[in-house]
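Heads up: the structure comes next, in structure tokens.
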């Protein structure tokens, strides 16, 4: 059954991904991970993980903790580079270029692929300087920076809350505001993809809802990949869902991937169903 | 159920001894402060103490202007040399130093910390005085700079390691190169600890005598040229204590009080600065 | 908006990246401190060479210190250094340990614990010349008129306490050193004692042991390695302390069994005679003393750090 299940997952991916699940006029695959393996030293953390992320949609990665979803996410902007002794094989294509290749200009990659972290991590600087950091680094003009800061803060619904205290420390904001500030900071460099690593896990329900609303507004312009352990959140907020699980060797695998509605209501793999219905994880 | 009398007695005795120890350890400090204040205050309040140079032995009056300027200049130049280098080495240790090179640097720094302060004087003498053939404030500054270096670099490393990795990641995820993240985000976030370390190192350097004996050497007239011999408060205390003229001995006490105030003020400044930064 | 390319064309890529430059600067700073260490060694050794070649290892066994006939030996100064440091540790070890036990865990007088800690930390920051000044004017008369005569009356039959007390000499210098190393001794031992796992302490108390018995049979055995490290670091500080000792040791080149006698230590010889030294051999001998002093302190310090590391390692492992 287990072997069979895995076969199912594989075929699911083949059939679900290559021909788009819901036929739409402008299907554009923004980020395409193909058979990605990832190693921390001798330990394999990801095994043949594949995922095709559609442009301007929200794709959720769900699964029990330790299943490699955060590792997978961090490969898309090469954040794993920071950890010595790591190694990756396979391909992560963005606009046809393999991100994992040593040729990749990591700096440019990260400008195109923004990231929001588990805990809000504003710089210990003013609200303005937080958002302006990226644009400032890119050497944009003062006027353009001012515009982009206002724009990003408006995009994240913070503008009206903070416009009178832009020069105050960002650390005085509430947790939810800080996380939206971090989002504004990421948006200010005009990325095309935004990666979110359990962005609401440290927030209260109201702030969480606010982030989810924002995601819906932002997906018109950005491609969003979100890691979450909160299944309701994935069901509510995402268009596509990938379910991940550790295999026997504790390496993460993508078990099933498809439109969120299918994953939650008509899972093809019994393990997905078990997880969704709360039988394990 | 009561303990045998002997065991209780022993417990009480040990308890009392422990309190006694802490008292014995604290008393010298109180006595010391008391004496430095009582014996130093009249000298500090004497007119001319801050504005005049020392008078020749046996001639009453005079001040320690030469030594005040000397201490500030010697420690100032020493800090200009030690702070940038120390901070840079601290950055190296925290951001690049998880390797053999880093361990070697930490070992050298620990060894330097443990060296007697007079060794730094010998170093300054050998490297500068022997090559230039005369005593100079600069040689003292160089000796003090090497003495300050380990304090500054360890404080910097510790402060930088306390900066959460999440901040580094946030910067890198925006596409900032590592050097900009380090200089623009990590270092500013750790500034409180770095400044504290630098100030503590300066306080320690200002109080040192042994490294100055055969580098700055001392000078009874006001001297601001770093290539010339120069006075310093610590030297005034040391030399004036050993001469049999009461007015010079009073000046030694006054200079000692001034030195203690200077060192204490630097320490307090460091603490206040940290509080202000943390808010 | 044109997306930035993921692979910068080769002609656009800067020849030298900022990261590269910065890491070169950082490694350069690391290299600088190594260079300083090397220069330090050279700066100490080269001027010492005339004396090293002339006296060799005989320097360590010779009691002669004769600038007129250009004959020099380190034994007297080494003796003084060891004796004063030993006195310092004999006084500072028990007092420091007791104070550390109080500051680390005594529940009594918890209100005064903070101020007491602060006071003792303050002592660590007082310049040694100020302590020397105080010792010179206040402590030496006190020793001469009260403490030394008292010792002579009670234990004067010992060779250690014979001779006329002048107030200057080994005993006073040792006492001053004790005061100066107390802050280190207390601070390090306190940290070591605090690192003793709470469960061990509570287990002992729960078995019905008294506080004193817990200290003796649980805390001290557990913290032994760390406390030894603290003692060694204190020793390192005592061996190298210069100014305060120079002001009270009497500065006489002699070896005497009496603790009331004047003497000399390695650092005080250097401090006193450096600027007067004439000729390569005299100056070289002072440098030679410097080399000896530095080597001794390095050995003691490295040993101390190894012990403290071992202790904190074992504390972590069993926590």
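Which chain is which? They are A, B and C, in the order written, and residues in each are numbered from 1.
Everything below uses one rule, namely that contacts are C-beta pairs under 8 Å (C-beta built on N, C-alpha and C of every residue); 3 or more make two chains touch, one makes a residue touch a chain.
As the structure is a computational prediction, the values presented were derived from the model and not from experiment.
Asks: Which chain has the mean of its C-alpha atoms lying nearest to the mean of all protein C-alpha atoms shown?
Replies: If one averages C-alpha positions chain by chain, the most central is B.
Asks: What pair of chains is linked by the largest number of C-beta pairs in contact?
Replies: Here the largest contact count links B-C.
Asks: Starting from the Cα centroid of chain A, hunt down the chain whose centroid lies farthest away.
Replies: Most distant chain from chain A: C.
Asks: I'd like the Å distance between the centres of chain B and chain C, where a centre is the mean of that chain's Cα atoms.
Replies: Here chain B and chain C have centroids separated by 16 Å.
Asks: How many Å are there between the centre of chain A and the centre of chain B, using C-alpha atoms for each centre?
Replies: Each chain reduced to its C-alpha mean, chain A and chain B end up 50 Å apart.
Asks: Round to the nearest whole Å and give the separation of the Cα centres of chain A and chain C.
Replies: A distance of 56 Å separates the two centres.
Asks: Could you list the positions in chain A whose residues touch two or more of the other chains?
Replies: 108-109, 111 - these are the residues of chain A that touch more than one other chain.
Asks: Return the residues of chain B touching two or more other chains; collapse runs of consecutive numbers into ranges.
Replies: 177, 180
Asks: Could you say which residues in chain C touch two or more other chains, in rising order?
Replies: In chain C, no residue touches two or more other chains.
Asks: Which chain C residues qualify as touching chain B in the complex?
Replies: Its residues touching chain B are 17-19, 21-23, 25-27, 29-30, 32-34, 36-37, 39-40, 43-44, 46-47, 94-99, 101-103, 106, 108-109, 116, 119-120, 122-123, 125-134, 136-138, 179, 182, 186, 208, 210-213, 215, 233, 236, 239-243, 247, 267, 270-271, 274-275, 287, 290, 293-294, 297-298, 300-302, 304-305.
Asks: Can you list the residues on chain A that touch chain B in the complex?
Replies: 77, 79, 82, 84, 107-111, 114-115, 117, 119, 121-125, 133-134, 137, 182, 185-186, 189
Asks: Enumerate the contact residues on chain B facing chain C in the complex.
Replies: 3, 7-8, 10-11, 13-15, 17-22, 24-26, 28-32, 35-36, 39, 85, 88-89, 91-93, 95-97, 101-102, 104-105, 108-119, 121-123, 125-127, 130, 146, 149, 153, 177-180, 182-183, 203-204, 206-210, 213-214, 217, 234, 237-238, 241-242, 249, 252-253, 256, 259-260, 263-264, 267
Asks: Within the complex, which stretch of chain B touches chain A?
Replies: Residues in contact with chain A: 98, 164, 166-177, 180, 184-185, 188-189.
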